[in-house]
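You will see chain A twice below: alongside chain B first, and alongside chain C after that.
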Partner chain A sequence: MAAVAPPGVVPTPKPSVQKPRRASAALWAAAIAVTLPGAAPILHLLWTVVKPGGFDAGGISATRLLQLFGSTTLLVGSVTATALAAGTATAWLTSRTDIAGRGVWSTLVSLPLVIPSFVGALAMLGSSGNGGLMSLALSAIGLPRLPVFSGFWAAWGALSLWNFSYVHLVTTPALRRMDPSLEEAARGLGATRWRTLRDVVLPQLRPALLGSSLLVALYVISDFGAVSLLRYETFTRAIYTQFRGRLDVTPALFLSGILVAGALVLVLVEQRNRGKASLAARRPARPPERIPLRGARRVAAYGFLTTVVIGGLVLPIVTLGWWAMRGLSLGNVFDPVWAEAARSTGVALAAAAATVAAALPLAILTVRHPSRPAGVLESISWSTYSLPHLAVGLGFLTLSIRFVPAVYQTVVLLIIAYMAMFLPQALSATQAGLRQVGPHLEDASRGLGVGALATLRRVTVPLVWRSLLAGGGLVFLTVMKELPATLLLRPTGFETLAVRIWSASSELFYTQASVAALVLIGISAVPLYLLVTRDR
Partner chain B sequence: MRRLPALVISLALVVAACGGSGDDGAESTTTTTAAKATATTAASETTTTAPTDEPGEPLVLYSGRNENFVQPVIDSFTAATGIEVEVRYGGTGDLATTITAEGESTPADVFWAQDPAFIGGIAKQGLLAELPADVLGMVESRYADDDGQWVGITGRSRVLVYNTDLVLEDELPDSVWDLVEPEWDGRFGVAPTNGSFVAFVSAMVLVEGEERTLEWLQGIAANDPVIFDGNGPIVDAVVAGDVDAGLVNHYYLLQRIAQLGEVPARNHFFPPGDPGGLVMAAGAGVLVGSDQQEAAVELIRHLLSAESQAHFLTLFEYPLVDGVAAPEGQPALAELPTLGISLTDTADTLEPALRLIAEAGLT
Partner chain C sequence: MTEPDPTVDAAIRMRGITMSYGSVQALTGVDLDVAGGHLMTLLGPSGSGKTTALRLIAGFDRPDAGSIELGGETMVGPGAFVPPDRRRVGMVFQDYALFPHLTVARNVGYGVAKRERPQRVREILELVGLSGKAARLPHELSGGEQQRVALARALAPDPRVILLDEPFSNLDAALRARVRNEVAEILRRSGTTAIFVTHDQEEALSLSDTVAVMHDGGIVQTGTPTEIYHHPADRWVAAFLGDADFLPGRADDGSVTTSVGVFPSPHRGSVTVMIRPESVAVRPTPDGTAIVTRREFFGHDQLVTIGLPDGSVVRARLGPAPFLRPGDHVDITVDEAATFPGVGAH
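Coming up: the complex of A and B.
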């Protein structure tokens, strides 16, 4: 397990024993500086809603707002419930039962995360309808063709398939670390397996389940590509419609402001309801007993896992491959998208490095010198993380045009925006690393007369570099898949893989879109594969 | 907000943290340096407002037309003049809103739109410079802005694309008004948020007035149309037989045939006088904020050259410069119906058109 341990086995730091040292002014300055880019777009968007001189709705009626609210809530609720059920089931099957190949299954059901939901949606379109791959396969064996996947059910399916892995990834460690003695006690007192599951296991999973639901729910609110392709109207899609149709950015900003307020409410609701239980208990004395699955249940378990892996991973990749092959056989030029791949990888690496560097002062401040103001800074970065990227992108677009035109449409602004949006991913990894090593070695270093910066370089960073790398890996993966903010903020001519897939598919250049999508999936799979296999 | 952090911790912590960091570090450093270089360039671009053209500073084109269509003529322009061009590709509406937000400080030198309404909207804000008379004179005056701020590069006709297995010849509508009849219930697709559709509705407002246009839009909405995001997917759906017909621009089908070979779909042109048959100019104009006015005008002149116009013809759009033929198998430009409206005025009806589309519930 080396230097990186899951949160449950982190030796609790003892900040109460020792009075935390006062943070230096430089540390405060650095921590505030890295938080500002995230605060700016939120304040700007909220301002567009509440600014004096009128509620400028840009002609958007209250009825329309209610409609959007309804359709978005429906999708968020149904996808979250589905992802929660599916992700908990896969986590339970792969960590608590005796099915064969649990490790392989656990990896396979995590991998759909490499597929951006808009690419998944594109593949769904390519497999359904009269000309779709699945339809052709079905009609070859004499079955009726599939209707075009579109509207609510398609959006629900796509977002559930390409989000349930979050629940799986968060719930699996929680399940593995759960103390089996409680369950054994329940069984010993005569409770059935199901009752034990319901009354003992699920309550312990509550923080993990609630937290991963929030991740899924925020993602669904934020999704722009999949709902556009599958033609389901949500708030975020309406923002884009306003942006592209109005010759004026105000209505889009206004809707974004409303959405920002909504997303913040959701985060607060989760906070109030998360319960007191900590995410993970102590390290269990021994691994829990594996529940044997027999007969029909075993078949159902394999059937379920096979279905989600085929739907979430195999079908999209096969459809994209089929598109690419068909296009090439029709004589379409093969464009290996090297330049796009290099830009995507380069900007994702740079953003990951910048984000990890930015997270370091904030992590040190919040872990080594905990205080209320430090907590506020941390909350600000989490608020930005919970916002739709399209809204954050619009905020950065208008702010940079007005106040810092020098960075407008430059890679610098793009990286700052990624950093602002994804800072918490690196922050939480770094904080966990810092908590694990404790302040003693740093204190010793300072006590021996080594300066703060030298201690950071020679003691702290070498101790937590694995955590830094872990956080950076997550940021890399997220940036690779990011679409709407990249579309708005990229430098002219800076087409990334995601942008290429999006523009090529809307112009029906499916060969190019599918090649670019396969390259994107291939590159993203590397950090994600390491992420999921590391757990074992 | 402690739960969310805890969550991502557990996600982050399972990220592998093994080896290979050396290369990563090296590469990100290079990228950051490159980023800084870009930032410096951009900074000098935005701060240099004096008309001193630094040689080698690229011209910036905001293009609502796709790369396939644009890049070959940009390459030939650079080859001929030595002027580098950076192209920002995007939707016409996206780019128009971006230019509006940027105002006079826009990095764009030239804007090339898909339709007259959105570029007209930019002209109305005073963001486009007047083009020289010789450039405007290269196309028929009805395909250029009345005030000389944009000039049409190619023509695109609105049509009804239909699947020949699913729609009989004698079922074909004589007017867009037929599509509100019960026999078309649930059989056709529209892309109501797409710029071309919006421009067509803007023209319809000019021809029929707001009240009648709303009536038509509501009739369409009540006829259970299949809603798409753009023209391309409609044509694909018609070719596959997923919908019977759709309101689109004429060249998507022709490009599809060129890619796929013969397909069971045809374009149906609406008869003279029907707003469904609007011929839109895809126009280009020079931004007033551009510090490279001459080079920008030169680029537009190049788009209207015989060579570029011939390229557009291979992608089945109507060249607007005299003496270049019509796309194969399509009626000649002169034979296409005119609606007796000025395309310039579609910019004035853009706002009502958007309002009416929303009012009819077509989203």
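Coming up: the complex of A and C.
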């Protein structure tokens, strides 16, 4: 997942003004065809849990299930709460107070997103323990070394640190778009600052807060790399262990099915709360008032922002750089990971192109011809997107072995899986673009004697080109960072940067892992920079 | 002038068109004929189905039932539906819908075959007086110019008919009257059949050869502007087209007697008499039986409300001159009135 708003904060179109029109059969066929690959693995997984005539747990005991459920819930709850608090705080500080350099701070606290959580976990490992960077720094000034970061606290810290930026990114526009006259009206009616916050500000922020906390919760449920490296047992880690350890995939499939069912509950909650989003969709006539911070509060504000930027951005990059340099100076054979970088970039570009192309018919269907069935197709793709990649990957893996062995362990399957998983990123960008292009333009083109496909080529695509690029950029970023599905579905020997980082850090080759991680961050930074500056 | 010439096929013919969006009935059996070369207005309040009718003619929507012919060819009928790009219908949208990524010339040439494009674009831009702006992008033009580009683009592929959807509503009042006359002039010169949709009575009456008044998804009256203004089909049309007062009366032998005079009436028995304020002349006189109750002054004219001895009320639209105050005694005479059968509630 990447820096895109989940459905909970995407304002749904109100079809009342533009009357919905019937879509052509070809459009329906295309939209269904691109949604199908996402639906298949989910249905397959749910099917393995609730088979007709029985319930095949594959030898997983109820106690074990309860244990995993408990540990996963604990992590999801604690990380979501922490990220929500931290992200709302940074958003508020950078958009509603008078601290200096608000724009710079806002960018800086978004930047931890360039660091995938498993790379963050690698950096945490590389800074703690006997040979870690922070341990060495502490012992240089006579303090005890840090123990190796592992277990619940490490996983909580890593996932909070590399997820709070989602909350920041979703909440900031909501705070900025808030109409100050509503708050002034409340104050003018005699409400205190506190009552105004509770009765006027928070209800307006509700969709953003709810949407972003669900985003974080889903991310934590899906996280595989960070919890594995930091040795905290959750569903995803247990699934992978089961899958790797045995010939029989039934227990892994069963656990995935349970995990998918759990995540689907969250997805449904999220989609139920969609309608409220339109509350924050207007643009106010003037920016809201900025609250002056003085004295200790101002110091605390700078202190907090500095801490999260150092923890989420500076420390990991310094640690990775230090490991890379140290290995090289010790004479380790320098492995330039060019081949991995080329593979990652190539497959991410191909996946981005395929996903954007697939999103176009679905976007046209949902924006130009809104209907209940079209909404169902959209929800299916969002559901696949929200589910743990490890589980979806396992679904693709077993489906392909059983029904299409020709694509098993091929790049084709990998790209189809990426397309199915990340379709909504391209979809929401394309939808946003289409909504800005009035449907009259397409009608005008048809009225001037130009057919539907030629209209798409001559009018629609040129006008939504930037949105298509933005959607493609998001997919590119996400694919670059994707680990679990890539691990399961890649052809043998097909090492991407993410796979390389994973395998090297599991074997404690920190230098090798750090070089690959720095290259990954470097490549991701380019499209991320373009995406972030585009939104300004 | 307004009767469709029987020797020429109606350029547009709609029969029994019904259309609904979900549970909302947008059109309820519309029949419409527009003669070749005529300028027809669909006039009605918002929600009366005017835009729906246009979109059906253009082919952007599909009716639930009924048929549409353009120049004698069936566009919509049982089992037939010609898509919009094969209808040769030019549409001018309320928001103009100019392609923002294309220059004026490329917008205008969009629907023209490549071979004829340069020549045709030049001709049409000349027709609408925008030859100098061919290389501009739409956002660099004024509202009136954008309007003319939209018209030029619709005219360029030589369409069978031109449809204009509230084309002047985005222009400010000062510009509107001028652009309206320009557009009407361009349409007449190009000899194209045109339908245009508006909710503005003045616009409809001043611009078109024929006006079709729409109400609640149906056409309630079709006629020349003069006909429908002075002889509305019913009380709703009368009130929609302009200020009107209604007096009850009894008619026999082809005339009706009311408190303001005797008028010819084709109907017998209980009738309603409609009086336009313009038809009322007022003469201030101390022994007048009518009394001024209210005066609204607009500068170029004034609207005076007058109470009659029998308790009924009429309004008179007068020039700015006679200065009347509430309480003044006046005599009134009414030049013209229309009658409807029955006594409708106001």
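Here is the rule we use: the second predicted complex is superposed on the first by the 494 of 536 C-alpha atoms of A that agree within 3 Å, B and C clash if a C-alpha of one lies under 4 Å from a C-alpha of the other, contacts with A are read in each partner's own complex, and residues count from 1 in each chain.
As a convention for this text, a contact is a pair of C-beta atoms (placed from the backbone, for glycine too) under 8 Å apart; a residue touches a chain by one contact, two chains touch by 3 or more.
Everything numeric here is computed off the predicted structure, so don't read it as measured data.
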item	value
Which of chain B and chain C A:Val50 touches, first, second, both or neither	neither
Contacts of A:Leu463 with chain B and chain C, given as first, second, both or neither	second
Which of chain B and chain C A:Ala296 touches, first, second, both or neither	neither
Partner chain(s) touched by A:Ala100 [first = chain B, second = chain C, both, neither]	neither
Contacts of A:Leu189 with chain B and chain C, given as first, second, both or neither	neither
First (chain B), second (chain C), both or neither touched by A:His440	second
Residue contacts on chain A - larger count, chain B or chain C	B
Touching partner for A:Ala406 - first (chain B), second (chain C), both, neither	first
First, second, both or neither for A:Leu453, with chain B first and chain C second	neither
Contact residues common to both interfaces of chain A (with chain B and with chain C)	none
Sites on chain C touched by chain A in the complex	21, 58-62, 83-91, 93-95, 97, 99-101, 110-111, 153-154, 156-157
Partner chain B, residues of chain A touching it in the complex	2-7, 59, 64, 125, 129-132, 147-148, 166, 169-170, 173-174, 207-208, 210-212, 214-215, 228-229, 231, 233, 238, 241, 243-249, 252, 267, 270-271, 274, 279-280, 330, 332, 345-347, 349-350, 352-354, 378-379, 382-383, 385-386, 397-398, 401, 405-412, 415, 424-429, 431-432, 465-467, 469-474, 487-488, 491-493, 495, 503, 506-509, 527, 530-535
Touching residues (chain side chain B, partner chain A) in the complex	1-18, 21, 24-25, 27-32, 34-36, 38-39, 42-43, 46-47, 60, 66-68, 86-91, 93-94, 96-98, 100-103, 105, 107, 118, 121-122, 193, 195, 198, 227-230, 232-233, 235-237, 239-242, 252, 255-256, 259-261, 350, 354-355, 358, 363
Chain C partner contacts - residues on chain A that touch it in the complex	19-22, 438, 440-441, 443-452, 455, 458-459, 462-463
